[in-house]
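Each structure below is given as structure tokens.
Presented sequentially are two complexes of chain A, the first with chain B as partner and the second with chain C.
Showing the complex of A and B:
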């Protein structure tokens, strides 16, 4: 890794002496570049150095230095480590050029940075708020912005610990509720933002034909049985054909990052469970990796094996669940889902036995896992992995794969080409079903994945059907890994060092990423040596995968929008955070 | 299913007819039929919704309680299970859905979030409990509540329904209930019922000439 960084640095600084400077702060890596040179440098990165994949864009508010920093993580789709680029601007009215012309996948992430941090991206095609609403007061992730129930900068709050005097947050707020308004504000004079503007911008009148046809704007969601939660799409229709589509999110924005920056490092672990609430174990994994990178520790052997085991069980669980949902969206209401949920229950039993909770496992710790796996549970896992799960997988395959209706509705629908998938920063099954063999487990191996034999399945048509088939393939590979884990898992400790409530995290930054079931899940953590992270950002795979939704849906029928969405496999807890 | 519950005491039914005939009161039969055919609205908000789906599936199977008909439309539902975190952006829609449900209607707050904000209470866009806006009949603790807990919540609600009387239920009163005013998204969430209070507090803040409530952003 260090070697690589040097190679990068020499070539980057060769190309841009004085413009690209290595980031020399202790614990930091990557390069600093001035905003005015950003576009030129990124173009070179993409076109000459092969960094064709923009994984994460986020901002950090360095209040003490009065700087706003935008952090970019680039990768090569052929594999390898990250190239981290940073650009700093003043905190007051920060403006950074938008990367959307080069990497359209930056669209949502830049909107998020504008919404939460108030960083303006020049030339962004649609710089509106994304997680909060237009008109919301302030930019919440700025360090000097305080929420209505603000108590203290960092946990544990003195009122609660060690003495433990609890009060209701409502009692301290002048409105006795979780709200705050600017001084002198008069609610009667407020004219709320309506959707008229959004609709007006979308609607076009087609005058080309003999008839004057008008396009219709249809709203799907946020309460809609097929949007997998509280997701909303505004669809422009010409007859039944989708002309354009705008996803609208934020209906489940739970302020994960703001709360995360008040929490101590360990306190964030249970919150990660609630990101992608179908796969809590994978979320734990990503966060643990990021913080362990900062702390410079490694879990013992047995813990590594347990981690991989849990991650792969989660992948199986997630994929079978998402296939069930996809069939739901196709109209096979609930019956396939019942088959999927049956297997899910069995895996959840395992999770409950090891962690104490079915869904919100909170099982990983920095430097290990929380509890060892008892023998009986191991037996159970063995039975599942060696016998039941492969059988059930074949059963699903048998019933669904060659079904006439499934093929008719899925083949050739919702196509995403390989180039577009990369450009739009898609990841996970969406990317691999479009023919890009990119899987973090192989491309940038973490934990002990190098030891296992498994393939990275790829499919090439990029349609719904391929995404479905790819999930089946991946489940087979997961089972293969699981079999090897069960064969090789050693006895031994499950934690390095003593379990602690308060971990010491040296100052610096780290980006931990794992191949979650839904795509590349990354955690960007900045520590300043205090017990709480200074910045805690989640690169949520499904949030970014949604960038390609409009592209997949254009030209399709309205009924297919629902299936396309199902094939991306979103979870709103992660999209909105 | 309890014929015993259905039968009113004091009427002797000949033994040969006991499983075919019941003598009961209007209230009892009305409540008995309602409580055994609750139709929940198909409406999931967050993580808790996944457990709700789990409860609907084969292992826990809430169709045993006559409620497998999940309705996507509020017009056809009589039970709203608020399963997850209620955010400020979503609450106008939830209130609207609630207003669209015909009476009799019930609300279950499933999980810590819906009951009181849960782990995300301190967040800036989280409504600390759906009961700030709509009346809740049953609260279920847990994060997420296990399917067993949810089933227990259903049974509790059934018990509540059992105790209602035609004479006093609000939906047969002379004056129909008012719909709940829909909250508005302003600089923050505004409850139309609290406009006066907001105006008052904000006015006071302006008079004091200092920063607004509890440290506000200095920007914009």
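Showing the complex of A and C:
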């Protein structure tokens, strides 16, 4: 894989001598481009070199060098490693050309970079804040920004030991003393109804003819059961038909990435559980991979098998859970959901027995996993994988697949074509249901996935029904992997080296990605050799999959919007971070 | 396929689920509910029919590794005094992700040097995220995760910062909630002691 990247790299440098320079900092890879050449280089990448998939866009604040860096990760949907492109600008008033004309999937990610780092993207169609609100002062991921209960730059805080006299942060820093607003912003005058910029950005159709109907703007959510959490969709309706839609998120925003930069590397592990709280094992997996890449260590055999086992059990429970929720959104209120929950409960029992917690597993460590699996739990997993889960999956299939109402509501609704899915950086089941056989486990194998025999299921219609069928297919493949894991799992240690509470991570950058149940989950970690990461970025699959929500909903009926959202399978803990 | 058969299939599945609860009731009998055995049956991979556990009348037993709010382990001395294992080394406070552990180290009043014993020890349980790192990385097996998850109270300002008195629990309690872990750690400790003793014999 490395060789392949070498070949590509030389050709990129040859094509653009003096414009594209290899990144020579120790521990870094990829290329540096000047912002004015960025568009031309990216166009060549996409159109001539086959890098058609823009996976991640993020920024890094290099305060000591007074630079702001934007990092792009490009992939080919035919498989292979990443091509990393970086562009640097001054910290004061940074402007970078937007990639949205070439890759519409960059839209939300660039908005996020503007919101959290204050990098302006020229020619972006809708550059507003996305995770925080307009009454938010400053850009929180800048290194000189301090949060309201700021104590120190990095944990562990000195006040805790050896003179740890307890106090509550609220007592020292009462609420009204630590709220700041941007200049010229009056919170008294602000109300969500005056969200002029947002409403002005929505499309309207021009009507000609005798029969004129009025187009109304409707807010779906944030407090609405169909949105799977606190999520808002502003919809322009012409009668019952959706003309345009804009998702609004960030109601659950807690600045996960800033917390991550204050934490030590290990302390981040339990925080990743809280991203996509349905699949905490997969989140642990991605983060562990990224940091292990930096540290240059590998877990022992048994740990690798345990990791794959946990990740695939997570995929099963997430998919069956999301199918249950999809049926909820269709109006089959909670009966299919509760059947799905039974299987989820049984898997969660397994997680609880190995990790100590049902949902916040915190099970992976750098170089292994936290504990071994006890024999009786292994027996239970065997029973589940070989008997119960396949049986219940078939029952679910029999229960729902041929149901006329499900088919009537789902077939041909919320269609996303393959070209658009790739352009919009969709991943996971949304991408594969549109006919793109792209799965990180095969395209860019990590851990020990290349040892197992399994297929990457694909469906070609790109509608809700295909996304549903694809999830069933994927669960079957997960069970196939699990059977092989149970057959081959060796005895042995589960940690390489001694467990340490303070790991040494050499300076450099790493992007670890896994095929999470909801799509490609990536962690971009930059270390400067200190105990805390300099930059910690999460490429949240559902956040980016939401970029294609508007596309899927235009022209559909308002009731179908709820189902389309259900078929993307979002979790707000991850979307809002 | 005939239109409507899909819906009938669905209804048939629902009906099967419904009727199975009663069939299982007949098969297993009264012990299905409100008994330890019944609860185990309803969470085993073979369960059919009703699935729910009627909390708080019934409670799911927690596995040994279950973790909730940490506590400090003390050994009971010969005359009944409480020997807290904690040496106030501060590793738990340093590894704690939300930084909810506060420790004041004891200093010798004469020399001013630190004594390996905590003077004060606080855990803000409102902030604790139950990750279990403190227990995992404590080199003295002094802090462990509890199994008692019913700690709701009426006054969070007074009662949710646990101090040393509230945190300490005897080693016998620890042995009871985590028997295999306890046995493993005791064995390791005994081995270490034996090694030390052997080393002392070789070079006195």
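As a working rule, the second predicted complex is superposed on the first by the 543 of 577 C-alpha atoms of A that agree within 3 Å, B and C clash if a C-alpha of one lies under 4 Å from a C-alpha of the other, contacts with A are read in each partner's own complex, and residues count from 1 in each chain.
In this text, contacts are C-beta pairs under 8 Å (C-beta built on N, C-alpha and C of every residue); 3 or more make two chains touch, one makes a residue touch a chain.
In this text, all values refer to a predicted model and were calculated from it rather than measured experimentally.
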*In the superposed model, does chain B or chain C contact more residues of chain A?*
B
*Of the two partner chains, chain B (first) and chain C (second), which one does A:222 touch, if any: first, second, both, or neither?*
first
*Touching A:435 in the superposition: chain B (first), chain C (second), both, neither?*
neither
*For A:499, select first, second, both or neither according to whether it touches chain B, chain C, the two together, or no partner.*
second
*Taking the superposition as given, does A:342 touch the first partner, chain B, the second, chain C, both, or neither?*
both
*For A:160, select first, second, both or neither according to whether it touches chain B, chain C, the two together, or no partner.*
second
*Using the touch definition from the top, say if A:399 reaches chain B (first), chain C (second), both or neither.*
second
_With both complexes superposed on chain A, which partner does A:278 reach: first (chain B), second (chain C), both or neither?_
first
*Counting only touches as set out at the top, which of chain B and chain C does A:360 meet: first, second, both, neither?*
both
*Name the contact category of A:81: first (chain B only), second (chain C only), both, or neither.*
neither
*For chain A, give the residues common to its interface with chain B and its interface with chain C.*
270-271, 338, 342, 345, 360
_In the complex, chain C residues that touch chain A_ = 1, 3-7, 9-10, 13-14, 17, 43, 45-47, 51, 62-67, 88, 90-91, 93-97, 99, 101-105, 114, 120, 122, 124, 129-133, 136-137, 145, 161
_For a test of understanding, state which residues of chain A touch chain B in their complex under the given definition._
118, 131-133, 135-140, 142, 144-151, 169-170, 172-175, 177-188, 190, 192-193, 222-225, 229-230, 250-255, 258-259, 262, 270-271, 274, 277-278, 334, 337-338, 341-342, 344-345, 348, 358-360, 572-573
*In their complex, what parts of chain A are in touch with chain C?*
155-157, 159-166, 168, 263-264, 266-271, 335, 338-339, 342, 345-346, 349, 352-357, 360, 362, 370-371, 380, 383-384, 387-388, 395, 398-407, 499, 501-502
*Would you mind writing out the residues of chain B in touch with chain A in their complex?*
42-47, 49-51, 53-54, 56-59, 72, 84-85, 87, 89-90, 93, 97, 117, 119-128, 132, 143-144, 146, 184-191, 194-195, 197-199, 201-203, 205-206, 208-220
